[in-house]
Each structure stands twice: as structure tokens, then as C-alpha cells.
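The following pair of complexes shares a single chain, subunit A, combined with subunit B in the former and subunit C in the latter.
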Partner chain A sequence: MSWPIIQQSLPMFAKGFELTLWLSFIGILGSIIVGIVVSMVRLFKIPVLHQLASIYVEVSRNTPLLIQLFFLYYAFPVIGIKLGAELSGIIGLIFLGGSYMAEGFSGGFNGVPKSQVESGKAIGLSRFQLARFVIFPQGFSKSVPALAANIIFLIKETSIFTVIAIPELTNTALDLIGMYYRSNEYLFVLVVAYAIILIPLSVILTYLEKRVRYGTFGN
Partner chain B sequence: MAHSGINVLLEGDNFIRLLGGLWVTIKIAFTSLAFGLVLGVLLGVLRTFKNRLLRFVLRIYLEFFRVVPTVVLLFLFYYILPRQLNFNLPANELATFVFALWVAAEMSDIVRGALISVPKHQQESGKAIGLSRWQLYRYVLIPQAFSLELPATINLATRVIKTTSILMLISVMDVINIGQQVIEANNHTYPNGVFWVYGIIFLFYFLIDYPLSWWARRLEKKGLERENG
Partner chain C sequence: MAEEILKVENMHKYYGKKHVLHDINFSVSEGEVVTLLGPSGSGKSTLIRTLNGLEDYQEGAIFFQGTKINPDEKHWQQLRQKIGMVFQSYDLFPNLKVIDNILLGPTKVQGRNKEEVESEAHQLLAQVGLEEFANAYPRQLSGGQKQRVAIVRALALHPEFMLFDEVTASLDPEMVRGVLEIIENLAKNDNMTMIVVTHEMNFAQQIADRVLFLEDGNILEQTPADQFFTDPQTDRAKEFLDSMDF
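Right after this comes the complex of A and B.
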């Protein structure tokens, strides 16, 4: 392990770090929006859209991001749709993340005890009121740990962007290793960089899980 | 026209080769799951013990494997094992090894979570009738934790299968690597082949993972019904 080599590589890693953060941010934001829309469509059982949402969730959750990216980046140009690498990456991440977020929200909504929903109906709430005053307030707090876990998952998934040569963190490290054969140094910086992003999030996740567990079990 | 490219799959032994690649993918996924789940259950049980040092060490192990993306884990072992420890493994076995360690880490957390979710009175009743710690785990906690953790375990399996897609990065001859070879070899006759080859690989992954996640979902639903009526 040689420190000068690490120091020299830091400006390049800084760029990769920035790009990873930026792509994660856009991807997570897009995923949450898609997730909310899809979970609403499922909650209100809107005809046709409801079935489409289910198909989307199943396809997105049961295929790897890598092959989704290959499809967007290499196969779409064949049918005349040319996306750049970064745009393919963002679309791929939102396509994947949207279904995970939707499942997170739906999980929270479904976790609201039936007695709550039935009580709401009994006092004459409309379907909209039931969602607004009973299911959302309880459901959102129940879905928070799942959402936090998804955020960590999606940030880690950006490492797969390396296969379509987006110069994020992992790609930066692999490029440097390919050029200078100093795997120890570059892998070390790479792991530290991910740790800087993910350890605080992981700590927050553990805390949130405890809070929700406390709300459910009381211990 | 894109649809004329579908013949690329039927040309020569292309389809058989893709299936061969798929078999490599499946073999690595299931071997690493088998080893990883066993190790994970063991570590999960150990993590419910009172010993602080043991819990701390296992927690670090879990956090390391959870924080570092799988692609990076793969490269860490790919570069460091042979260069630092002079320990050379063929790419397939290296991948199985890394995945097993990763599965064990994730599984240990699932098992621990399920064990501490078994109602406290069950554990106390067990102690009251004089069960030893081994008997308590063997007859009370693990059987009840099993049904709690099964959906999460199946979901972990689907994740492992999906994650095998990154094995092409360390030149394992998996279904994606074979797919790329097929695309390149037939690029001249079938310029649209890329669409169909990646399409069929997409479908392969879906056909393996969908039944598993359907099963997990059904079990989860049953669990919810038991809880909420």
C-alpha cells in the first residue's frame, strides 16, 4: 500500500464520487416518484393501470439491473432509440428502483391492521378519506425502514453502471487498476468511498428499524 | 426490421450454448446459496447470544458485506486473494466463494431478526420447563423462526440469482458472457441479434426468479393474514 499513489488518484475518485452521488440522487428521487404512483394505482385498484403496474413490478423486480442496462444501452439503438450511457443508467435505475419503492409503500399500506380500515368504514369514511386519514398516516411510517433499505440498495446498484462505462466510483477504480496495476490502493479508496456514503445511511436505517419495532412490539 | 433477428437464436448451436451458460449461472447461484445459508443460520444464532465480543465481530462482518457493493466485493477477492495471499481459484469457484460469504452475512441478519421476533413468552416457557439452551433453539426458537424467515430467505435467493449477472465482469462463462460472444460472432449476419440475445437472457432470468418471488409473496400474505386477521 503506497500513500502517494492513493493521493494521486484522489482527484479522479472525487469525480467518480460526485457522479455516483448525483446518479444515485436522481435515481432515488425518480424511484420514489414512480413508487408512489404505482402504489397508489394498486391501492385504489384503478382498472387496467392496476394490472399494468403489477406486470411492471414483476418484470422489474425479477430481472437483474445489468441486463436491463444492456438492453437500454445496446439493444434499444437497434429499434432506433439511442440513449447515452448516463441516461441509460438513470432510466435503468429508476425502472428497477420504482418497483422496489412501490413494494415498500404497498407493504406499509398493507401493514395497516384490518381493524383500522374496518373502523374507518364503519364511521362512514369514503375511500379517499380512508386513504387520506387512516391508511397513509399509519402506512407511511410503517414503510420507512423499507424505503431506507431501498435507498442503500439503489446506491450500491450504481456500481453496476461500470458495465456501460459510466465513470462512477467502481468504474474509476477498475479503470485505474487496468492502467497502473495497483489494485490494493485503488480498491482501498473505493471501499472507503462507499463506506463514507453508506455507513451513515446504514446507521440511520438501524435506528429507524428500532423505532418501528418499538411501535409494533414495545421492546 | 428488428424481428428478422430472432433467427440468431436458432442459428447453429447458439441456443444450446446460451442454455449452457445459464447452467453455469444456476450452478454458481445454488452452490453459493447452499453454503451461505448454512453458515448464515449458524452466524444468525450466534448473534442472538449474550457475548458482546462475538456479537461485535459478527456485526462488523455483516456491515462490511452489506456496505460494500457486490461488484466491489467480487473484485476485492479477485485481486487480493491471488496477489496478497497467493491463493488462486478458478473464476467460477472464486465467485461461489464470494457469494457464499455474502449470502451468509445477509442470512445471519434474517435469522437473527426472526429469532428475536419469536414471542418472548415462548422462550420463557421453554426455560420454565427446563430446556437447555441447545434444546431451546432446536425445539422452540428455530422451528418458529423458520416460518418467519422463509419469505426473506426466498427473496435473498432471487437476489443472488440476479446478482450472478455481474460474474461476466471476472470472465466467468455465464449466460451473459456467452450471449456477448454469440452477438459478436453473428454481428455480421444478424446486426439486430443484440436485441434478441439480450431479450432471451432477460426472459431466462425472469423465468427463474418470478416463481420464487411469487412463492415468497404468497407466504408473506399468509403471515400477514395470521397477524392481522
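Right after this comes the complex of A and C.
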């Protein structure tokens, strides 16, 4: 291990760090939005869209992100859609994350006891009122653990962006290793960089999980 | 003769091939208290749930205030404001305070004025001895208190007809009395029309005008309450009452 080599590489890693954060942020935000929309389509069993949503979830969850990125980056240009590396990465991440988030939210909604739904119906709530006042507040707090797991998962998945040459953290490390043949130092920095993002986030999310856990209303 | 408020005609219900309600026929007049009695699995809960659209039925019809109920979700949603229901498991919404549990139906479903409903809700809570719990969350209440709130929540919609489905079955014995008194008051003082499913025979005897005795999804007898408890018409009901040890 040589500290000067590490020091010299830090400005490049800083750029990769920033890009990883940015891509993760956009990807997670997009995934949550897609996840909410898809889980609502499923909750309300909206015809046609409901079936499409199921197909989307199955395709997205059962194909590797690597292959999804190859499709977006290498295959789409063949049919005339040129997205560029970063856009391909973001779309790929949202495509993958959307289904994971949807499953998480659906799990939360389905976890609201049937008797809660019935007592809501018994006071005359419509389907939408039932969703608004009973299923969402209870279901969202039930889905926070899944949400937290997915956020961590998606950040780690951004490392796969390296295959389409997005200069995020992993790509930066692999580039430097290729150029200077010093794998120990660069891999060390890479691990530390991911840990700096993920460990505090994981702590915050665990705290959040505890705060909103179902059943703690009124504490 | 009081006006007929509910009538069930030739109702059959199946779960797949299983025939769970057989040719149910009965009616309830305004102000009348009908209790459904019978052994476990006799179909009491299933029957009372069909009357609020929580269970469907395959044949027959239900009439409410003389109009045949069109058994679709939209129509039921309208009717549920007039037909209140309280469940065994109370099912207050844990994400809402007691007062908001009560206000939800009247303000969001019926679109009534919030202040007006709120003062009424406080009155109702006071009547059941829970005025100071308006701003508590359900989890801070005992089972008996939750059930009393659940009754208030149903009453806040000004129903014309109430369904009580084994509302004391999951309560501690000492909580039962308070809940039953509320229902009794409702029957005697407010003259509320109601159908009550219960295993509390003493209570049933005190409150009921008429008893429907069910077994295996059949109504074996419909008897005025004072007669049912002293001289039931069927041997099966006699056996049932003997076994209840009361």
C-alpha cells in the first residue's frame, strides 16, 4: 500500500463518488415513483394496466441489470434510439428498481389486515377513500423495511454501470487499475468510498424503520 | 305494526360447491332487536355479513326499506351509511386518533360539517365514558374501550339499522358488561333496530325481541325471545340452550 498513490487518485475518485451519488439519487427517486404507480395500478386492479404491470415486474425482476444495460446501450441504437451511457444507466436502474419498489409497496398494502378494509367499508368509505385513509398510511409504514433494503440494493447496483463506461466509482477504480497496475490501493479506496455512502445511510434507514414501524402510531 | 326495515328472501350462499346458507327467509321491523343464535359454524356471522355486503350470495334477495338491494359494490357503499356494523375485532384504524376514527365516515363519506360532527362525537364518547380518550390512539386503549369507540364510530353515521357481530367475543369478561350496556341502551332508549350475533345468552335474553336459531346454514326456528328461552320449538335449540349452561 502506498499512500501517495492513494492521495493522487483521490480527485478522480471524488468525481466518481459524486456521479455515483447523483445517479443513485435519480435512480432511486425514479424507482420509487414507478414503484408507487405500479403498486397502485395493482391495488386498484385497473384493467389492462394491471396485466401490463405484472409483465413489467416479472421481466424486470427476472433479468440481470447487466443485460438490461446492454440492451439499452448497445441494442437500442440499432433500432434508432441512442440514449448515451448515463441516460441508459439511469433508465436501466429505474427499470430494475421500479419493480423492486413496486413489490415492496404491494407487500405493504397487502399486509394491511382484511378486517381493516372491511371496517373501512362498513363506514361507507369508497375504494379510493379506503386507499387514502386506511391502506396507504398503514401500508407505506409496513413497506419501509423493503424500501430501505431496495435503496441500499440500488446504490450497490450502480457499480454495474461500469460495463457501459459510466465513470462512477467502480469504473474509476477499474480505469486506474488498468492504467497504473496498482490494484490494492485503488480497490481499497473503492471499498472505503462505498462504505462512506452506505454505512451512514444504512444507519439512518434503520432508525427510520424503527420510527415508522406499524403499530407505533401514538407513541 | 311497525314498518318493515329489512327483509331477506330465499337467500342461498355457496363457497364454491359448499352450500353455507340455505334458503334464508326473515324480516326485521323498525325498532326490533333480533338475535342470531346457534352453534359455532352455523353461519351466523356469514349471514350477518351478507347484510352489509361483506359477503355475497348466489340466490335470493335482500330488501332494505322496501327496496331490493342491487348487490354491487357502489350500491352497498351507499347503504352502509344506513346500516352500521361493529365487528368482533373492533378494527379501529390504528393510524388515526380516536376522534378521527369517528369523524372519518361523517365528514368524508357524508360530507357533513366537521365542527358539528365533532361536538356530536364528543357527546357520544361521553355517553360511553371515553370523553378523555378523544385524542388517544387506538393502541392506547383496552379492548373494551376500543369496542366502545367502534360502536361510537358506527353511530356517528346516524345509521337506521345496526349489525353487531360477536362484539364481546374477544373481550375480557369484566369488559363485556360495559359494551353490552351500551348496546342495551341503544335498543331500549334509542329504539335502534338491530341484529345481534352473540354467545352471551343472558344478554340475548335481555335484549332480544326475537331469536333466529341457526344450524348448518339453516334457520331452524324464529321464535319470540321470551318463548325461545323458556320453550324453544325445536329439540336442537333445546339441546343448544342446555349446553350453554345458563
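Descriptive notes on the structure:
Throughout what follows, the second predicted complex is superposed on the first by the 204 of 219 C-alpha atoms of A that agree within 3 Å, B and C clash if a C-alpha of one lies under 4 Å from a C-alpha of the other, contacts with A are read in each partner's own complex, and residues count from 1 in each chain.
Assume a contact is a pair of C-beta atoms (placed from the backbone, for glycine too) under 8 Å apart; a residue touches a chain by one contact, two chains touch by 3 or more.
Here the structure is a predicted model, which means the values were calculated and not measured.
Partners subunit B and subunit C fit side by side in the overlay (superposition on subunit A).
Put simply, if you stand at the Cα centre of subunit A and look at the Cα centres of subunit B and subunit C, the angle between them is 100 degrees to the nearest 10. By the touch criterion defined above, A:Ser119 lies against subunit C but remains apart from subunit B after alignment on the C-alpha atoms of chain A. Shared-chain residue A:Val134: touches subunit C; no touch with subunit B. Residue contacts after overlaying the shared chain place A:Ile160 against subunit B, while subunit C stays out of touching range.
Residue contacts after overlaying the shared chain place A:Leu198 against subunit B, while subunit C stays out of touching range. Judged by the number of subunit A residues each one touches, B leads among subunit B and subunit C. Touch criterion met: A:Tyr74 reaches subunit B, while subunit C stays clear of it. Of all Cα pairs linking subunit B with subunit C in the superposition, the shortest spans 12 Å.
Touching of subunit A by both subunit B and subunit C, each in its own complex, is seen for residues 113, 115, 217. Contact residues of subunit A toward subunit C in the complex are 113, 115-116, 118-127, 129, 133-134, 137-138, 141, 214-215, 217-218. Within the complex, the subunit B residues that touch subunit A are 2, 5, 63, 66-72, 75-76, 79-80, 83-84, 117, 120, 158, 162-166, 168-169, 176, 191-192, 194-195, 198-199, 201-202, 205-206, 209-210, 213, 224, 228-229. Partner subunit A is touched in their complex by these residues of subunit C: 52-54, 73, 76-78, 80-81, 84-85, 87, 89-97, 104-105, 108-110, 136-140, 150, 153-154, 157. Residues 58-59, 61-68, 70-71, 74-75, 78-79, 110-111, 113-115, 152, 156-157, 159-160, 162-163, 170, 173-174, 177, 183-184, 187, 190-191, 194-195, 198-199, 202, 217, 219 of subunit A are the ones touching subunit B in the complex.
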